[in-house]
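Only one structure is covered here, and it is reproduced in the block below.
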Amino acid sequence: MSVTQLLFWFLSVLALAGALMVVTSKNLIYSVLYLIITFFAISGHYILLNAQFLAIVNLIVYAGAIMVLFLFVIMLMNLNSDVEPQKKKWLKVAGALAGGCLFLVMVAALKDADYKNQVAQTREGDIGLIGNLGMTLFNDYVVPFEISSVLFLSAMVGAVVLGKKE
Amino acid sequence: MNAIILSAVLGVVMMFSGIFLKSGNAVRIIAISGLIILLGSNLAELYGFPFFNVNTRNMLVFNSFALVFNTIAFVSTLVYFLLSGRDIMHVGANGSDYFALLFFVLCGVSIASSYNTLLMLFLGIEIISIPLYILTGSDKKNLKSNEASLKYFLMGAFSTGLMLMGIALIYGARGTFSLEGMSIASTPGLNPLLIAGLLLLIISMSFKVSAAPFHFWTPDVYDGAPTVFTSFMATIVKVAGFIAFLRLFDGAYGQMGAQWQLLIAIITAATLFIGNITAVFQQSVKRMLAYSSIAQAGFMFFALFGFNDLAKEGLLLYSAAYSLSTIGIFAILIKMKDYTFEGFNGLAKHQPLLAGTNAIFLLSLAGIPLTAGFTAKFYMLASAIKNGTHFWLVIFAVFCAAISVYYYFRVIQAMYFKDGEEQSISVTSGFKWGLVFIAVAVVVLGIFPQWLFTKLYF
Amino acid sequence: MIPVLLIAIPLLSGLALFLLKQPDGAKNTSLMSTVVTLIVSLIGLVVVKSQESLGVNIDWIPALNSHFRVELDGMGQILCLLTAISFPLIFVATYRNQYKDANRFYALMLLSQAGLMGVFLAKDALLFYFFWELALIPVYFLCSIWGGEKRIPVTFKFFIYTFVGSLLMLVAIIYIYFQANQSFAIESFYALKLSSRTETWLFWLFFIAFAIKMPIFPFHTWQPDTYEQSPTAVTMVLSALMVKMGVFGLIRWVVPVLPVGTFLWGDTVTTFAVIGMVYASLIAIQQDDLKRLVAYSSIAHMGLMCVAIFATTKSGMQGVMIQMFNHGINILGLWIVINAIEQKLNTRKMSELGGLAQKAPGLAILLVVVALANIALPLTNGFVGEFLMFNGMLSSTATKYNVVFTAVAGLSIVLAAVYTLKMIQRVFLGNTNALTAGATDISVNTKVALLVIVVLIFMGGIYPKPMLSVTNDLSDVILSRMNLKY
Amino acid sequence: MPINYYIFVAISLFCIGVIGVLTRRNSIIIFMCIELMLNAANLLLVAFSKMHHAAYLADRTSTPSNGTDGQLFVFFIMVVAAAEVSVGLAIIVMLYRNTHSVDVNFLNRLKN
Amino acid sequence: MNNIIQLVWLVPLFPLIGFLINGLGRKNLPKSLISIVGCGTILASFIVCVLIFNEVRKGNTQTVRLFDFISYDKINIPFAFLVDQLSSLFLLIITGVGFLIHVYSTAYMHDEETEHFGRYFAYLNLFIFSMLLLVLGSNYLIMFIGWEGVGLCSYLLIGYWFKNDEYNNAANKAFIMNRIGDLAFLIALFWIISKLGSLTYSDVFIKADTLSKADLIVITLLLFVGATGKSAQIPLYTWLPDAMAGPTPVSALIHAATMVTAGIYMIARSNILYTLAPVTQTVIAVIGLATAILAATIALKQNDIKKVLAYSTVSQLGYMFLGLGVGAYTGAVFHVMTHAFFKALLFLGAGSVIHAIHNVQDIRFMGGLRKYMPVTHITFLLGCLAIAGIPPFSGFFSKDEILMGAYSVNPVYFTIGVIGALMTAFYMFRLYATTFLGKFRGTPEQEHHLHESPAAITIPLIVLAVLAVVGGFAGIPALFMEGGHSLGAFLAPVFAGSEKIKTSHHLSHQVEWILLIISVVVALVGVIAAYIRYSKKPDLQDASGLGKLLENKWYVDQVYDALLVRPSQALGKILGTIVERSGVDWIVNGVGRSIQYGSRQVRLLQSGQVGNYILLMVASILIFFALQFFFKK
């Protein structure tokens, strides 16, 4: 087992375990923290795939900004861990069952994809480097890039509209 | 491109107008004039005068279909502004911001009508959705509005997740996001990645157009949102969703239509069934209209089911017919004190013009001949029949259309055949003229539907 | 040009009346308008002979290859004439009736006239469908606004019922449209050759629409309630004209378009129609409300027309065409009488009436004539139609059971006599009671309307030749399609 | 690494997210689970991007792009996610102000 | 006037004009004018008829075509009149007897209000018009027009006193029973059209032998059913006694002399068809005979003067059908003629009596009228003798001819016929004796008012009495005088076709003599028995046993009521309330209800909880995945 494989397995287990903990943990703060762990693991995957730019952005945007925002809101609301009322048992079971079935169905559907033998390049390939991505982004993808500004504008206006005290 | 850029710019303008202008009327007038400019520029592009020359790297394609649809959407919005502009200002303190958000939505609509890659589809849908989450919750003190907003947001985000998973799988199968690249003709053989991806994409798009069984958000959100914004959401936005859906089919599903036909047929039938049958029991006209919008979505789904030239023309006609009528009904509904059916009692006696135009709109939604609603439904049925498979669906749709008469006519019955107390409804003459204009448009499109398509074939 | 005028005059005057603020002049204006329409239709029937003036064909929706095509042919002539005659008669006979918002009332009446004219004139399937609905909507409003106590649910049922039917018809029309190379023209419909399976289900889609309209047992239950609840003027339109739309539709759009379906399912349909005739007649005997009685009698009569159509014989076909006119006239007469009674005495219950012949002998005599025409006594118009239809039934080669059908349908002739005589007896004969003792004879306008009807009854009964010659060619055309296939 | 592994991991993450959405009532946690679903898609996209890149390097005509677009798409997803989070949290905060609850089932006025 | 026959349209035209004048002017014209118009038009017709009859006697028969009535495809049914021996004979009877009865009516109906007086004459004229159409028509359709027309007039006249609901019921019954027959008649016409393509007599009769046996039997039987309705035969006879609700002259004209004989006319007219269908002939003979006997038995026990005459009419009509059934067409027509004379006479006499004692019709309250009403008494007696078949009165000749014919086919017919004749003589003289002999049994006040009727009543009585006495000499059998049967000779061309086909064996003179004597003796026995039994002491007590059965007309009305009327009414009620309301309509409304119910259930899916919504969505996704991946081949 090579280092790459080792890392892959480690990061995968870490991400999945973190994700599971997000779902199962009772405490809201713990959930956030587990989610951050998951994001770190995913960033690790990105690095493994030699997508450094995305790895960094993932850390900054997700683990940094977004999760901090979450924490911030949670703190602001001063939510206690045991405030959350539990769903009815059968609904939980049904939910888990449905999710599990979805997993099984998707795996069953995709298991005989003819890309079986394809390999995702790890530790090499320079497309994930910042220079490369930057060139493409500001050449070919400049229109979507600009348009995404509209998205931010509307999000900003929206946050103001909703947040402003009247 | 004119429409996308201008609407974004106008959104920004509206944002600032709220700072510099204190009078709500002035803001409204700016919004209306801005929209007229937007409409004009879009028409200019339709007639071959694009103002901006941007190389979109084939991510956006502005064909006449998209531009005609944009025109329909903008005209509908213009009518909407004219009729309900004041009411938009009355929702909360941030009148100008609402207008800004509406313009951003229009930007998203223009993207959704002309995208050529899944990336632009995704961006367009999100640009439409995010302002709508906010508009739904804009009546901040109203718990219903809050609830609607949260529900919309959570489910919308969930469906975004589905869509992204779908796009990722499609990308895995095809290595590109562009619609041409997805077309099955370029590489033979279907692989499960692609099918799973397309399936997830269909599901998330069905969610956006509130097709059953992914419609659950619709009644609650439409009911809870401030009525003016419900009007906008239920019409222009929903129709834009269908246009986007149709483009997706055009690019990605076209060559393998048969593969999806059964699925689409099931969704169509379910949508028609749920929408129509649940609307029957509603007590509130607003909620009834929410279900009716699901039912109408069922009919619009025929465009995807039929998927031929008739379907495309028909969808345009349907968008115009449905949007105009629904905007009209909502504009009148906003003026009512009581949203239940009883609230409409005796309206014909006290406000004959409102009742008359409302009746025309309802007849149009019910698909009675001489109104645009009929020609639209005609095109839909025709495209499905031309398609030639799953004939049961057509018969089923016909019965559902008959059910729809039940709840639409309940309003007409209340207005015309029942007596009610006089309500103090104050409407300006401009409002009345607006209604008359829509009514005339609905009738004219009902008799001469081809006027809408002349631009498609130039 | 004539057909366009026939549609445009009522349409435009109807719309104009809507815009009228005062309801004062509405009555006279609409009467004028219908008289002009009548004159135009008479000109079309008698004076104009050139085909150009009797037909108009212009593009309507080019994208769908649909044309605004209206033509006066034999059956169209007859039914347009009926429509043109009926409306002035209705307006004259109900001249004394007072309606709130009279201008709207008359406007809607005129719009329904325009719709009916269109139905009878259209030679383009899509246009036909348009007018089909256009005729329905005003009537729905008329019944629901000016109707009786239970008007809203009753007329709503009527509306939805007919709407379901017409949507099914629309599906069939669209299907045939694609089969006929994307053409709505009646000739391309007639030129079609379809498999018998296809024709079967198309036949039922069409037939249900028309059966609901006529109505044929067991699709008839909307009718008595609707007739009962509608204002009588509207009931007149409904029963004299609108039910004819169903018969008309069968003859024009089903029998020649789907000859194989017609042939295959003729027996089934006829069985239902024949059952319905006896069934409706038996129920009619038990009715106390005059409107319901006439409603059931109408069901029986329409059943006979349906049977005669599916006999697909020359005699039956011509009989139906003539009988459409005659039945319209006769039932109009019955309604005018009922309206006169209701206006005078405020009741339609036979049990509350009696002895009117002493107080209103004029009305009694006119009613007797109309009633006798309704039960097809010779020398009245009803006889000619029924004679031809029964003759067609018995000589039909389309069915093996022609004798059985004729015999059972014949029962309804006897039963018709039973309920008609019962009506005459309960209303006009016997002694007066407290209510009828104060009655007076009918007013001049009612008398004039009834006299016109009586004259038409005898004209049609004694000298039917003009009508027969008008319908001759068309029935040949329709039947020639039947012969093509088997 | 074989692409199957990535597909498996991404689907697992995705489904865990779905399960979270289905089993929890706290709107913030539901929202976080949705983020989990987005990240699953991101991971998959990056993996596919590298897969296509590998194929591109092996044979430049076999695939329409060199894989850059996949990674850029991830970038845009993050952009959208950030915007969505800001709006979403604003909604949740607004709700909390009015009801002092973040329970999705707390508000149940809109039904039937 | 080179050809009077071409003017035959005048014959029905006059009564029609009379109808229009009297009908429209009934409120404004004085009674005298109404009477003049009413009688005058008929007289005018009669005169034309006499002229035409003269022409026809010269052997001149013609078809007069007026206009096309119904023509479609290749079938043409013109409105045309056929003037031949048979129709001209009937024309004479109708207008002649009709005229007398009109005259009679002017006096009989004099107490009516002017308006109703006018109405009466209008109806009567309309009847004559219809009856003339019936006999004049050159095809079955015109005959049918008259056929239904006389039914209508009969209905109108039975219900003439429309304030009385019992009379109205009688009128309805008459019309509806006639309609049943008419329906059969009509179907027969359709059958003829579909087989022969024409309804014109000449065409039909020429092509008659091309018809198959079955077709012939069906057509003739259906026509005969039509005849049973109009001519009151089993099973459709019960309306006729009830029809006595009408004014007595009406009974005389319509329900004795003319309308009820339409069936005989029709069958005589279509004699070729019947001769070709011996099965039908047997049926007719049996039914005719049965009716004759049944009605005669009922007549034995009736106490209403008009009812007795009505049943006697039914019985006599039965004899006529017997004659038709055995092929004695001339005899049947002969009997029609004589019957028209004596039965009209009897009815008018009865009317005179009723008129005199102010609308009492029960013979138990009469008696001894001989003293008060000599003319009526004598004429009535002559009528009774005629109907009883006492030679040399007219009834003897005609009835005898029928019985001879019956014997020649089947002696059983004869035997039963003679028994019927016995009963006829008996009940007629029972009637005569109770009415005119003995003592008056009514109230003294009535007795005080008793008087002979005015001239307008007695003159028609006298004329008819003369005819009833001498009418029979038109058909003296060959037994008495070779070539004495001038009527037979006159009608011979009409029945020539049948005579050729018929294989009848002539009776020898001895047999004829014996039969003749038998029937005369039997009639005399009946007369004498009745005289002895009733001249002194009429039976006033209620009948019992068989008598009660007869008095109640064998309970036939009740049986019909229980078997047909009530079930159909009950069926109508069930259909109207149960099947219609809770059956068909319930299903229709049920669709609506189930949609509403579905709406109430389906909307519960919309639980308002995001978790449930997403769960449902995920479940749908699962289903779609399964559908797309695993359930497709």
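Per-chain residue numbering starts at 1, and chain names A, B, C, D and E are given in the order in which the chains are listed.
FYI, contacts are C-beta pairs under 8 Å (C-beta built on N, C-alpha and C of every residue); 3 or more make two chains touch, one makes a residue touch a chain.
Please read these numbers as outputs of a predicted model, since none were measured by experiment.
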{"item": "Where chain C and chain D overlap in contact partners, by chain label", "value": "B, E"}
{"item": "Core chain by centroid distance, with centroids computed from Cα atoms only", "value": "C"}
{"item": "Chain of greatest Cα-centre distance to chain E", "value": "A"}
{"item": "Which two chains share the largest set of C-beta contact pairs", "value": "A-D"}
{"item": "Chain centre separation (chain C, chain E; CA means) in Å", "value": "37"}
{"item": "Chain A-chain E separation of Cα centroids, rounded to whole Å", "value": "102"}
{"item": "Chain A-chain B separation of Cα centroids, rounded to whole Å", "value": "32"}
{"item": "Interchain centroid distance [CA atoms averaged], chain A/chain D, Å", "value": "6"}
{"item": "Residues of chain B touching at least two other chains", "value": "119, 123, 126, 130, 133-134, 137, 140, 150-151, 154, 158, 162, 169, 172, 192, 195-196, 219-220, 406"}
{"item": "Shared interface positions of chain C, touching two or more other chains", "value": "160"}
{"item": "Residue list for chain D, restricted to those that touch at least two other chains", "value": "3, 7, 14, 17-18, 21-22, 25, 30, 42, 48-49, 51, 55, 67, 69, 72, 76, 80, 83-84, 87, 90-92, 94, 104-105, 108-111"}
{"item": "Chains grouped in pairs wherever the two touch, ordered by label", "value": "A-B, A-D, A-E, B-C, B-D, B-E, C-E, D-E"}
{"item": "Residues of chain D touching chain A in the complex", "value": "1-9, 11-26, 28-29, 32-33, 35-36, 39, 42-43, 46-51, 53-55, 57, 66-69, 71-72, 74-76, 78-87, 89-94, 96, 102-103, 105"}
{"item": "Chain E residues within the chain B interface of the complex", "value": "592, 595-596, 598-600, 602-603, 605-606, 608, 610, 612-614, 616-617, 620-621, 624-625, 627-629"}
{"item": "Sites on chain B touched by chain C in the complex", "value": "313, 363, 368-370, 374, 378, 381-382, 385-386, 394-395, 398-399, 401-402, 405-406, 409, 413, 416-418, 448-450, 453"}
{"item": "Contact footprint of chain B on chain D as seen in their complex", "value": "3, 7, 10, 14, 17, 21, 27, 30-31, 34, 37-38, 40-42, 44-45, 48-49, 51-52, 55, 63-65, 67, 69-70, 72-73, 76-77, 80, 83-84, 87-88, 90-92, 94-95, 98-99, 104, 107-111"}
{"item": "Interfacial residue positions of chain A with respect to chain B in the complex", "value": "106, 109-110, 112-115, 140-141, 143-144, 147-151, 153-155, 157-158, 160-162, 164, 166"}
